[in-house]
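Common to both upcoming complexes is subunit A, partnered first by subunit B, then by subunit C.
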Partner chain A sequence: MSIAPYTADQRDALQEVVNIAMGQGGSSLAVLLDTFVALSVPRIRIVESSAIAETVAQMVGDNTEITAVRQGFFSYLRGEAIVIYGQEGCHDLADLMGYDANPDAAIDQELLLDVSNLLVGACMTGIAKQLGADIGFSAPSILAERCPVYNLFKAAKLNWTHALLVEISFSLEEKGFTAHLVMLMPEESIMTMRDALDRFLESL
Partner chain B sequence: MTIPVLVVDDSALSRKLVIKALPQEWDIEVTQAINGEEALTAYRAGKGHVMFLDLTMPEMDGFQVLETLKEEGANAFIIVISADIQPQAQERVKQLGAVAFIKKPLQGDEIRRILTQFGML
Partner chain C sequence: MPPRLDDLNLLSFIVARVNVGIFVVDQQMNVVLWNRFMEVHSGRPATEVEGSNLFDVFPELPKSWLEKKIKSVFLLKNFAFTSWEQRPYLFRFQDNRPVTGGADAMRQNCTFLPVNDGQGDMQYVCITLFDVTDTSVYQTKLQEAMTSLEEVSQRDGLTGIYNRRHLEHHLSHEFNCWRRYGGELSFLLFDIDHFKKVNDVHGHLAGDEVLREVAANVKLEAALLRTTDIAGRYGGEEFGIILPGTPLEGALIVAERLRTMVAAAPVRLRDVEIPVTISIGVAQADTSMPDYVRLIHDADKALYASKTQGRNRVTCYTSSPRE
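Entry: the complex of A and B
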């Protein structure tokens, strides 16, 4: 099966919808950490499933050891949201939240799950709301710990032919912290999204 | 007198929505820019007495545009229109000389309200 790429208008609309949703996620994180959060320009790709690992590695930077949290979403759009943290970022986060210099691993994990849940919830809800859709979430879970970014998708076990990849990142200026939020949607959601974007464009 | 207005956003859709929301009776000439570099070039060519500026853009973002204009002592009337709604972003752009901050998605008559408030209409 082949999937037609989005038109320039559809891409532009998706980019702007994601941009607005990212702003809401970034604001939640800024309030939680009481600091300024720098936002990226969203990146959007439609790729064959064999290219997912490589594309995500390019987006995140492939030489880093990462820890990742996964959260499924479903209803109108279905897919996986994965929040990817560099190792340094995990420590920065604990630091910003006022935890001890040597927090135990359980607290670290809980913190990552909470922050991921906040970002995924704000961003995905923001996207769904603008498209007039409902969305539900599974509980966040640790997908990978301290592993190279390439190994992520061995762990994720996706049984798809194609994926729509949307990547945004949140970083803190004074710290090394960066969190990449990658949303992946399989073929039927690529189509659903296309229809939703057309309706969104017509409504403007 | 026709006022040169500059609309800066990397999204064509977003620029279109901003231009559509500008008051019809306002005597203006609109120029569009898709990133910070283009915005500065257009401003220096006298095309941006009033500027509607996005923050998150490739190449050069809105914060950098504001910083550069501030360094150059520019006196453009700048309204930031952004999805980056964190309180710190709003404070920062005001410190850098923007007169107002409008949240995306653009709502109804927000642009008109601000232009009226500052006596631009």
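Entry: the complex of A and C
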């Protein structure tokens, strides 16, 4: 399927929608975690499946061992969000969430899923709300644990060719926490998003 | 026309009777809805639970964690989840496998759903609880099967010690560790003397018994060694032992002990006693080696020397002859 790129207006609108959503998501996270949340400016682009591994590696840093959590979202926009933690990123999640330190591996995994769910929910709900859409989420699950970043996507197994990619980096300065959030919406949602952006522009 | 349930009745009926746990709490953690699934499994009727604080009725719940989880839903107006894989259950309910077993309690996946009152204000959180005991039982079975499959693929069928593939896999790993972190690494290769004659004179069943006995001695020796030492059947009547953190001198002591042990214990087979001896080659990893294969090669050369010099002896490989 060939994908016509977004017009300049559509791109600006999307950037604006995502910026506002992230701002709101970031501030609710700050309230919940009781710390200052720094967000990068979201980067938005359309990627081909053959380039996704490379793109993510560039974002996180080559030769990095990562841990990643995925979560599906559906209804109006359909895609998956992936939260990627570098080796240093997922230390002290218990501290981040305000729990006592616990050496149990299952508890660590649960915290990882909880934090990922918070980041994804805060951002995706915001985007959907800006576009006047409703959104549902599947339960998050662990995609990779301490594996090389290049192994995250196996191009041969992907059944999409183009996807809309939104990437944001989070850091919680005083807690030394960083994570990358990648939202990927394949072909169909690129079109849905285009319609939504046109309606959004008309409503301005 | 058949009588038609009005929509609200239909929805209440479904919420009440669906085979999924559904309950709703307000911001103060008071329960405002408790469906039949929850009634049946908790043994607490809705009349008792609704209107009461969740943690008063169920003091066994992990309060600080659950309260935080529910509060995050109120605050972020966001879904939240728990999975049985990390947290087996929220409420300790009996499972539905009292006969076939496999679980000690109902495994649960939970979803925490923000409830909007239509005015944009969020007053409630609805929690749905799915019984996933069967999934967990199958997953556990699958994991057990995978583990035993892995175990089988690493073992030699006749002797029960590691097979060549696994032995080489370990040697390669140990070689890489040694190269990265330094220290010492030795490898010991040995062969049963005149094994072909045992087969020819006493038959293949006797040969198999000799292999099993020698393997048992190797296992015994390995038990004397540290747990990091790996022994395996390299092929035919050849065996190998990996000795991480062991210099050549230490490996020679191990080899000599093993040689004496095997020579002192002839294999008894009904009315015959078959004397068994082994020839051993020992080599140590050194920085000139390109890979672990070279280490095996050197041990094999030393083993060959043991054979040509009369068998039932230990030889260590040296690039320039030592003696």
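Methods note: the second predicted complex is superposed on the first by the 188 of 204 C-alpha atoms of A that agree within 3 Å, B and C clash if a C-alpha of one lies under 4 Å from a C-alpha of the other, contacts with A are read in each partner's own complex, and residues count from 1 in each chain.
We take it that a residue touches a chain if its C-beta (ideal position, glycine included) is under 8 Å from a C-beta of that chain, and two chains touch if they have at least 3 such contacts.
Every value quoted in this text rests on a predicted model; they were computed, and no experiment measured them.
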Joint occupancy of subunit A by subunit B and subunit C, clash or fit: fit
Please work out whether A:48 is in contact with subunit B alone, subunit C alone, both, or neither, and reply first, second, both or neither. neither
Taking the superposition on A as described, I'd like to know which of subunit B and subunit C A:134 touches: first, second, both or neither. neither
Should A:31 be classified as contacting the first partner (subunit B), the second (subunit C), both, or neither? both
When the two structures are overlaid on chain A, which partner does A:20 contact: first (subunit B), second (subunit C), both, or neither? first
Where does A:118 make contact in the superposed view: on subunit B (first), on subunit C (second), on both, or on neither? second
Which of the two partners, first being subunit B and second being subunit C, lies in contact with A:106: first, second, both, or neither? second
Computed vertex angle (subunit A) for partners subunit B and subunit C, CA, steps of 10°: 150
Smallest separation of CA atoms, subunit C relative to subunit B, angstrom: 12
Let me check the overlay on chain A: which residues of subunit A are in contact with subunit B and also with subunit C? 31
So in the complex, which bits of subunit C are touching subunit A? 64-65, 68-69, 72, 75-83, 85-87, 109, 111
Under the touch definition given earlier, write down the residues of subunit B that touch subunit A in their complex. 10-14, 16-17, 55-58, 82-89, 92, 104-105
Residue ranges of subunit A in contact with subunit B within the complex: 8-9, 12-13, 15-16, 19-24, 26-27, 30-31, 35-37, 39-41, 130, 201, 204
Which residues of subunit A touch subunit C once you look at their complex with the stated criterion? 28-29, 31-32, 97-99, 106-107, 109-110, 113-114, 117-118, 121-122, 125, 136-137, 139-141
